[in-house]
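You will see chain A twice below: alongside chain B first, and alongside chain C after that.
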Partner chain A sequence: MADIVQTAILGLALGGVYALMGAGLSLVFGVMRIVNLAHPSLIMAGAYIAYWAFRLAGVDPLLILPVAAAILAGTGVLLYKLVFEREARSAKYSEMTVLLTFALAMVMEGLLGTVFTNTQRVTSPDYATDAFFIADVFIPKGQLYAGMVSLGIISALALFLKHSRFGYPIRATTQNREAAELLGVNVNLVSLASFAIGVGLAGAAGALVSFVFSFFPSKHWEWIVILMSLVVLGGMGSIFGTVLAAFILSVLAAFVGFYVGAVWSTLTFFVALFVVLLVRPQGLFGEKPELA
Partner chain B sequence: MAEFGASEVVAARRARDSGLAGTVDKTRSAWFPLTLLAALLLLPALQFAGNYNYLIHLTLFTAMYVVMASGWNILGGFTGYISLGHIVFFAIGGYFAGMVFARMGISTIVLAPFAGLLAGLVGYMIGLITLRVRGPSFIISSLALVMIARILFENWHFVGGAAGVALPANDLPAEWAKLPYYYAFVAMAAFATWASYRIKHSKFGLGLRAISKDEIKAESAGIDTRFHKVLAFAISAFFVGMAGAVWGEYLTYIRPNIFLVVLMSVNMVLMCILGGKGTIAGPALGTVLIVAFNEIFVATLGASEINVLATGIIMMVSLMFYPLGIVGTLARRGKLPRILNWD
Partner chain C sequence: MSGLLEVTDLVAGYGNGPAILNGARLSVRPGEVHCVIGPNGAGKSTLLKAIVGMLPIRAGDVRFKGESLKGLRPDQALRRGICLVPQERALFPAMTVRENLRMGGYSIPDKAELERRIDGIEERFPILRERRGQRAGTLSGGQQQTLAMARTMILKPEIVMFDEPSLGLAPKVVAEVFGIMKLMAAEGITIVLVEQNALMGLKHADRGIVLDLGKTLLEAPADEVLRDPRIGELYLGGRSEA
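Take a look at the complex of A and B:
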């Protein structure tokens, strides 16, 4: 019994982190129909910002989080202006952008690998290795804090989208791009803003990831497939769906890891992605994907 | 008014279809690829003059990628389904031939067609599942395939897990040791190029090209799109698997981190995109350029991270500015040199 509770808690704690990692991806897909395969490599960049801030100045990763988010959001604006704005008129837009973000992921991996080398890194604030104990069950502090911060950020994002003046056009564009444009929404600006927010969320997630996982530049390939499984299961573009999927899959993965073997734990996400794509491509809360 | 029976109408349609499929550019040059092939067959004679092992190795490596890129092109170029996971079939071919070679001593060159068939069969089955989705979903599922295969191969003890299996080297003298593999890869490259030419200009190929233009219209025009797509997937897996088979014996080991690398998978795609997806000369041209780029980067800059960076930059630039690739862009502008017109 204690084993089951323990495994579930570890799964839930990780799920919180995965939720934030996937949220930006989901937002960008919802608004721009871009499957941003570079998202995990941008999370990696955020993690390196947190790592060096901690290593050089001893700044807590949770304090550096807004800075990482801001730097990455700036990068997002730049990328949008340089790369994605001109692709909006491309005939094979969705395939084109997938390939472009894939190439971008390689550029990021190459840059990070060249500058920081492929050594495993992790930030180690004292809470990262500490835990709360409740009877026999332990709750790792690092993952708990990360999960709480992540849920806080996602709630703030949800409130922003739901109730603020800037949230309406973003949601309208997610629902129907042409109709929103007809009603006077500046979809180009909305796309820019949501791409920046999405990439900024990658930066924030990076700061959390830096003390939850050990990381090295080429690890983002694994994250891509993990995050895609969350976004696809949740329904492409549905942030709530992504968060729910993050909890479902990471608890499932924790159980697989505990009862079947640690190496098969990540396989859970990969197989889930495959199965969802084939059985229910629209996921839990997504619309049926357009053909072509 | 003339009366037509149903069979005459069908016969007329058939004739028209095969005429349409068989349309070839009158300006195409067949002599250039044939001359190139002859030159490649004679190249090892240089060994009598000195040590050209490096040149032989590079040509062999290029020929291997021509096989893979041409194979990929059948699915990615003609049919328009971008797969980032074709390296899985390279591994399947490599592991099958490598294991049979290690246990029974049958040369992988003999085994290559069978390894290709196995890869094609697996491709057929995977295609039945993954080709039900299209666009970004298909691309993502292909990427997931690599990750799944990597974990499976790394934990499959029969094939040595993450450590892989060492294969015996052949006992030819050093200057001739590469030759069997060299000729095997050159023959496969020629076969792959010829086969993709034949496929492109067959009725089947016409169906594939129709799918890449507009799948729904193709379906309503009576093309069995599912059969076409899955068969195209299997054929492209066949070529990639065949290349993998011989590569293992050439390297003298098979190992997941050699056979299942995302970078190699991307290279196949990039070569087609850079050279020109859906053309015959495109994959070959792209391969020569990318292998040359890689050699220059590794030779001058060393680190493999820079190689990844450069590959990414080349891919972004060619996607953003020349999405049709070199051959495609030149052909559209009417400036394609005849020696590069192999269609």
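Take a look at the complex of A and C:
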């Protein structure tokens, strides 16, 4: 019984981190209909900011998180203006943005590899290797803190989307871009802001990831499959769905890892992606795709 | 009589594709209901989209109160007082009825004023008050159309353009939709209507506009269009009023 509780707790703690990693991807898809394949490489950039801030100046990753988020959000603004804005009216928008984000991921990987080398890194504040013990169950402090901070950020995002004056048009654009535009929403500005927020969330997630996982520039290819499985299971564009999927799949992966073998744990996400696309392509909360 | 909205020799299309409108004209008179008819592919919906800036104008002009709308975005056209209700209502399905109404007044900066106007709309359309907490996507087709039409009234626009408002609705509901349109016209809102059900549309309109192959074939009082035997044969299934 203790094993089951232990495994579930480890899965839940990681689920919080995955939720934040996927939330930005989901937001950007919801508003802009862009599957941002470069999202994990942007998370990687956030992780490097936290890593070097800790290594060079001893700054805690949790403290550098807002800085990483702000730097990445600024990067998001630049990327949107330089790369995506001109594609907005393109007849081949979907195809172009997939190719563009793929190219961006390659460029990010190359840049990070050149500057920081391909050595595995992990930020190691004291709590990253410490744990709370409750009877026979241990809760790793690093994963717990990362999970709690993730949920805090996602809750703030949800409140912002639900109640702020700028949240309304973002939600509206997600649900019906044309209608939002016709009701006076500057959808280009909303797209810019959403992309910046989404990439900013990648930066925040990166700061947390830096002490939860070891990372190196090309690891983003593994992450994109994991994040896509969350976004697809949750329903493309549904942030709530992504969060729920993150908890479901990470708990499932934890059990697979414990009972079947650690090497099979990551495969859980791959299989889930395949099965969901086959059985229920709209995921838990997405719109049913139209038949051609 | 000078039009509130004047469309002259308009050429427009989608992306880099061929032009759908090839010199369309339209003169919209204040306070009147205008019904645009024509066969499939005539460019009726394209005309409305080009007017509000959803499609770029390649040639010709659209002037509202004498000022060109060329190059404006839909949100800028809306701020001038022109509102488009596209096909299939264009609601936000996961938002509540009340939230949809709030989005209707998105460009109103004064929140108290916005809430006051929404209250006024709910008073006029009690069904929207009853359903205010319900998600728009779960409303019936008729209720969704009522919401979409009522939502435009929050901004008190000068011109509202409807693209196929009766599409997919039961005959009884269609009558209600035209009733709301009549109410809007009585309040002085100028209406431009694109309608597949041309007979129904023209019967409720002051003026009729016939489009074909992206060009305006005829602009005349609606009863004249209804009586024109050529138009009756071509677009009204041979049911002219002559």
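Note that in this section the second predicted complex is superposed on the first by the 289 of 292 C-alpha atoms of A that agree within 3 Å, B and C clash if a C-alpha of one lies under 4 Å from a C-alpha of the other, contacts with A are read in each partner's own complex, and residues count from 1 in each chain.
Basically, contacts are C-beta pairs under 8 Å (C-beta built on N, C-alpha and C of every residue); 3 or more make two chains touch, one makes a residue touch a chain.
Keep in mind that this is a model prediction, so the values were computed, not measured.
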| item | value |
| --- | --- |
| Overlay on chain A: chain C relative to chain B, clash or fit | fit |
| Touched partner set for A:L100, first chain B, second chain C, both or neither | first |
| Chain B versus chain C as contact partner of A:L182, first or second or both or neither | second |
| Partner chain in contact with A:F270 - chain B first, chain C second, else both or neither | first |
| Chain B versus chain C as contact partner of A:V225, first or second or both or neither | first |
| Which superposed partner A:G113 touches (first chain B, second chain C, both, neither) | first |
| Chain B versus chain C, judged by how many residues of chain A each one touches | B |
| Superposed arrangement (fit on chain A Cα atoms) - minimum chain B/chain C Cα distance in Å | 13 |
| Set intersection of chain A contacts, chain C complex versus chain B complex | 90 |
| Residues of chain A that touch chain B when the two form their complex | 35, 37, 83, 86-87, 90, 94-96, 98-100, 102-111, 113-114, 117-118, 217-218, 221-222, 224-225, 228-229, 232, 263-264, 266-267, 270-271, 273-274, 277-278, 281, 289, 291-292 |
| Touching residues (chain side chain B, partner chain A) in the complex | 82, 84, 129-130, 132-137, 139-141, 143-145, 147-148, 151, 154-155, 214-216, 262-263, 266, 269, 273, 303, 305-313, 315-316, 319-320, 323 |
| Contacting residues of chain A [partner chain C, same complex] | 89-91, 168-169, 171-172, 175-176, 178-186, 188 |
| For the chain C and chain A complex, residues of the former touching the latter | 14-17, 52, 54, 73-75, 78-79, 83-86, 90-95, 99, 102-104, 106-107, 151, 155 |
